[in-house]
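Each of the next two complexes has chain A plus one more chain, namely chain B in the first and chain C in the second.
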Partner chain A sequence: MLEFFEEFPDMSRGDLRDFKKVIDSAFRSFSRTYGEAIESFFDPILWFLIWLEKLLLATPWPIIMLVIAGLCYLGARSWKLSLGSILTFALIGYLGMWEDTMSTIALISVATLLCISIGIPLGIWMARSDRVQALVTPVLDVMQTIPIFVYLLPVLMLLGIGKVPGLIAVCVYAMPPIVRLTNLGIRLVDKDIIEAAEAFGADKKQQLFGVQIPLALPNIFAGINQTIMMALAMVVIASMIGVRGLGIPVLQAIQNQYLALGLMNGLAIVALAIIFDRVLQRYGKRLQNYRKGPNND
Partner chain B sequence: MNKLLALFALLAVSLAFVSKHAIAENCEFQMADMNWPSATLMANVDKFILEEGYGCKIELIPGATTATFVTMNEKGKPHVAPELWTNSVAEPLEKAMEEGRLFSAITGPITELGEGWWVTPETLKRHPEFKTVLDILERPDLFPAKEDLSKGEFIGCPAGWGCQLSNQSLFIAYEMEKKGWILVDPGSKAGLDGSMSKAAERGENWFGYYWAPTSLIGKYNMKLMEFGVPFAGYENWNGCVAKGPEVCIDPKPSAWTKSIVQTVVTKKVKVMTNVMKYFGKRIFPGPIMNSMLVYMEDNQAQGADGAIEFLENYPEIWTNWVSIEAANNIKKAL
Partner chain C sequence: MTDIKISINSLSKIFGDRPNYVMQHVLNGMSKQQLLDEHGHVLGLNNININLSAKRLHVIMGLSGSGKSTLIRHINRLIEPTSGKVIIDGENLMEMSQDELREFRRHKASMVFQKFGLLPHRTVIQNIAYGLIIQGISEGEAQERSKRWIDKVGLTGFEKHYPAQLSGGMQQRVGLARALATDAEILLMDEAFSALDPLIRTNMQDILLDLQRELHKTIIFITHDLDEALRIGDEISILRDGEVIQTGDPQDIILNPADKYIADFIKDINLSRVLKIGSIMEKTTNASGPKLLSNTSVEEALQIMNSTDKGIAAVVDVKGKTIGKVSIKTVITAIAHSDRDNNGPRYK
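Up next is the complex of A and B:
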């Protein structure tokens, strides 16, 4: 009797082994049967990623710099930011990281767009239904805390190494903040304001797009900021499953203790993150200009 | 009468003792139990065979390559390293051997080991005309790269590993780019393993770098390809290929450098004739070692469990390593 309390009554070693084996072999046969179908399901994304990377690599660098400066100006309406990004890219190119940087930009912009375009609608849905929120929150918790290779191993078995598994790894980790903060932002909108909107005869859709989302924008943009930062932090992990880009030299540097190489490529990742973020944040602020504009007061 | 019986009994006992002692010689020593699966399996097989077959007494000492080598060299303990990859300790080992501190009991205790370029067994089944790496290099179309279907994909070594540089050099030496190949960096061991097991699971073609003895090679029965080119000398390999394309502009095509694995012993064990005779014959065929590693991984078996499994299942191999008498003793003990 005492024995029962002293030692945890665990599964026998043999049973446990068989249990693990059953799961492993079930996954193996799943991957053998459906692997190719799943792979071709992701093919369009792969083609788009390859096309974007090739485009970025094939375009002469002065044009890329001009386009970046132009995008910065369009988004942020700030000459300072445009100039800063030109200087950053010039430095990156001068230090011999141009090609890796282009590959990383291709992956990260697709990943960010994907995260935002899935994350914001999901966040809105969560905000409108408590049941969805109860279901999605634990999933987000898993996505943020599960050790990366735990889900990457099955992904590798299904899709092999390369861009698509890299994209999945980045998105799984980077999407939760935008979902959470969209949800939070909309839930925080004052009930009185919604009541007022209702009183003016706004239907659900008008309430959402005319009142709730605009008022939730500060939170949504905080989410976008977090998503971008986390996506760029995942560049190195993505390189661990064969994605070209700035992560590869970082891995090389870590393995061989090349301090300068690691620092240069690491800082290039940081620079990309800052440019991406500042442009989008300025854009977000411009969307909220009415907050300080005199005619809307 | 009783006295006489007692005397006989005593005589018989002492005779038995002597005869046991005759095979036993005085063999009590320490053996390195190194921290990767094939080495720990070998150490445990040696322990079982020498203890049960020859009456030795062996203590296993856990440790990694460098630590084990240094203490063997400096302190003379542990007395045996069953699977020492000597490339990493080549210089000090040579010195120790010259000065008579360490001795090689056998070179190549496992066959077909080392690094090289591998393909899946299905590839060879579909294309029996592939005899060497050179044949494969002519057919990049059979290994289409996921990201550029017009190119063949060769999976190299993860970023930052020493073998990454050697693979990059050989990629240049064999003019693979011109032949329509791209060199894919799998990024990490997990990436390399994943890419190989995915292809092997589905019976797809796969061509890339790996090494043996490893459980993955055994699990998927991967095939090591001959290069079809002789080893082009240490000057080319150590001075050029291994340094990578940034240092070495003009690498010559070459087979992969041989990994030298030895069972290394100290003076104390060198004089134990039976033990040395056993080590001299004890060669694990590569495929069997690989399949043992698969067994150990599947069953999460320790070295000792693996050793019993090996001794039970492959008597046709290990009985050749020992005398008939020792073989009988071992079989009894199993």
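Up next is the complex of A and C:
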């Protein structure tokens, strides 16, 4: 009787081994049967990523710098920010990190586009149905808390090492904020304004595109911003499974204790993050200009 | 009489989980309080029957919790009733499909809200055009057609402003213009001026009355303010605990309050300003003294009569025909008489 309290009544070792074996072999046979089909499903994304990376690498650097400065100005309407980003990129190039930076930008862009195109519709769906919200929220919690290596394992078994598993790893980690903030933004829209739209005969689509999404935009932008930040944080992990970019030198630096190499590439990632963040935040603020009262216009 | 535009028939609304189940108790005469205590359901509206005439301004007055905002939301079915009908131009609103209902809201009834309900990301002109855009008119044409309403409500020059840049009174003028721009025959106004300070409120009432003289809409105006009701209403219904306790024109309600609850209300208003001499005159075709129109307020009449020797006046209709007479004494009696019931509790 005492034994029951002293030792946890666990599964016998043999049973546990068989249990694990069943799962392993089931997944192995699944990946053998469907691996190729799933791989070809992701092909278009892979082609797009490769095309974008090649484009960025093939374009002469002065043009890239001009485009970046232009985009910064369009987003933030600030010459200071544009100038700052040009100087940052000049320094990155001068320190020999230009190509890795271009690869990283390509990866982040594709990952962000993917997250937006899945995350925003999902967030809208969650906002319109409490049941969907109750179902999706725990999934998002898992996506954000499960150790990265644990979900990388099945992805690697299925797709092998390469750009696509890297992209999937980045997206799993980076997508939750955009979904959550889209949902939140739409739910926070003033009920009185929705009622007014309804009283004028607006149908669901007119309410969504004419009222809910425009008023949720500041929150949606905060979500996009968070998604980009989290994608950048995943660059080093992604490089472990064969994605080119600023993560590779960081990984080498860790393995060989090259302090300068690690710092330089790490700081390049930080610089990218700061530029993206400032531009998007300013853009998000500009979207809310209409909220300003009579004295600040 | 004028023709009936909106007919509300035995309309009831119960809030709660099983409204249809407890409806039977209400039909058997259970009170609002009992229903709440024993079944946890709130009786919002109880067997409302009113007919609203076309092209008149009908005020529904009640204190908070009386069900007035619930009632007005049944007239465009923003709230579904537990039982009863709302018949508009011979058609039962409750039998309309979702598509028909949307068409009804787009073209036949527009609404003005207590908290304005403007779209903060659209400019004044874009807000006024909103109803037209929902109707499917292009943004450009809708704004073109909205321009005349900007002038009508006195917002010229503010077209490109955002709602947050305007004062409350101006925001509600946008709300009013938005509702008028759809050319709907029915205008629902839910405590439209309650959020505004008193001077602006009077000003908005004048704007509404001026527009109504020209447009002849069927207006349903909700308020908790009896002064406002008496000032603008062609007809007033008083609502308490989800029931209509009196309907009549303003003079009728002041002079013949249906019960003590209404009498209590009237005690607080300035009778001499609301009461018209037409409703207290002595009928005769032969009278001397200065000629006063029958809709002259008692206050004005007193001033004029006081400046004459005899203290009397003749009451005439719009064509100038004498229809009655009043004296300072009749006027004072009328005011003093209505001010009875000074004892006892104010509210039930």
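Convention: the second predicted complex is superposed on the first by the 288 of 297 C-alpha atoms of A that agree within 3 Å, B and C clash if a C-alpha of one lies under 4 Å from a C-alpha of the other, contacts with A are read in each partner's own complex, and residues count from 1 in each chain.
Here is the rule we go by: a contact is a pair of C-beta atoms (placed from the backbone, for glycine too) under 8 Å apart; a residue touches a chain by one contact, two chains touch by 3 or more.
On a predicted model such as this, the values are computed, not experimentally measured, just so you know.
Asker: Look at where chain B and chain C land on chain A after superposing the complexes, then choose clash or fit.
Answerer: fit
Asker: Look at A:Asn256 in the shared chain and tell me whether it touches chain B only, chain C only, both, or neither; answer first, second, both or neither.
Answerer: Once the two structures are laid over each other on A, A:Asn256 reaches chain B alone.
Asker: State whether A:Gln226 touches chain B only (first), chain C only (second), both chains, or neither.
Answerer: Touch status of A:Gln226: no partner.
Asker: Looking at the overlay, what does A:Gln133 touch: chain B (first), chain C (second), both, or neither?
Answerer: neither
Asker: Kindly classify A:Ala202 by the partners it touches after superposition: chain B alone (first), chain C alone (second), both, or neither?
Answerer: second
Asker: Is A:Gln144 in contact with chain B, with chain C, with both, or with neither (first, second, both, neither)?
Answerer: Neither partner.
Asker: On the A-aligned overlay, A:Leu156 touches which partner chain: chain B = first, chain C = second, or both, or neither?
Answerer: first
Asker: For the overlaid complexes, name the partner, chain B or chain C, with more touching residues on chain A.
Answerer: B
Asker: By how many Å are the closest C-alpha atoms of chain B and chain C apart after the superposition?
Answerer: 46
Asker: Could you list which residues of chain A make contact with chain B in one structure and with chain C in the other?
Answerer: Shared contact residues on chain A (touching chain B in one complex, chain C in the other): none at all.
Asker: Quick one: in the complex, what on chain A touches chain B?
Answerer: 17, 21, 28, 31-32, 35-36, 46, 50, 149, 152-153, 156-163, 239-244, 247-249, 251-256
Asker: Provide the residue numbers of chain B that touch chain A in the complex, in ascending order.
Answerer: 146-148, 155, 158-161, 164, 184-188, 190-191, 193-195, 197-199, 201-202, 298-300
Asker: Residue numbers of chain A touching chain C in their complex, please.
Answerer: Touch list, chain A to chain C: 192-193, 195-203, 206, 210-211, 214-215, 290-294, 297.
Asker: Using the touch definition up top, name the residues of chain C that touch chain A in the complex.
Answerer: 76, 78, 102-107, 110-111, 113, 115, 117-121, 130-131, 133-135, 162, 164-166, 178, 182, 188
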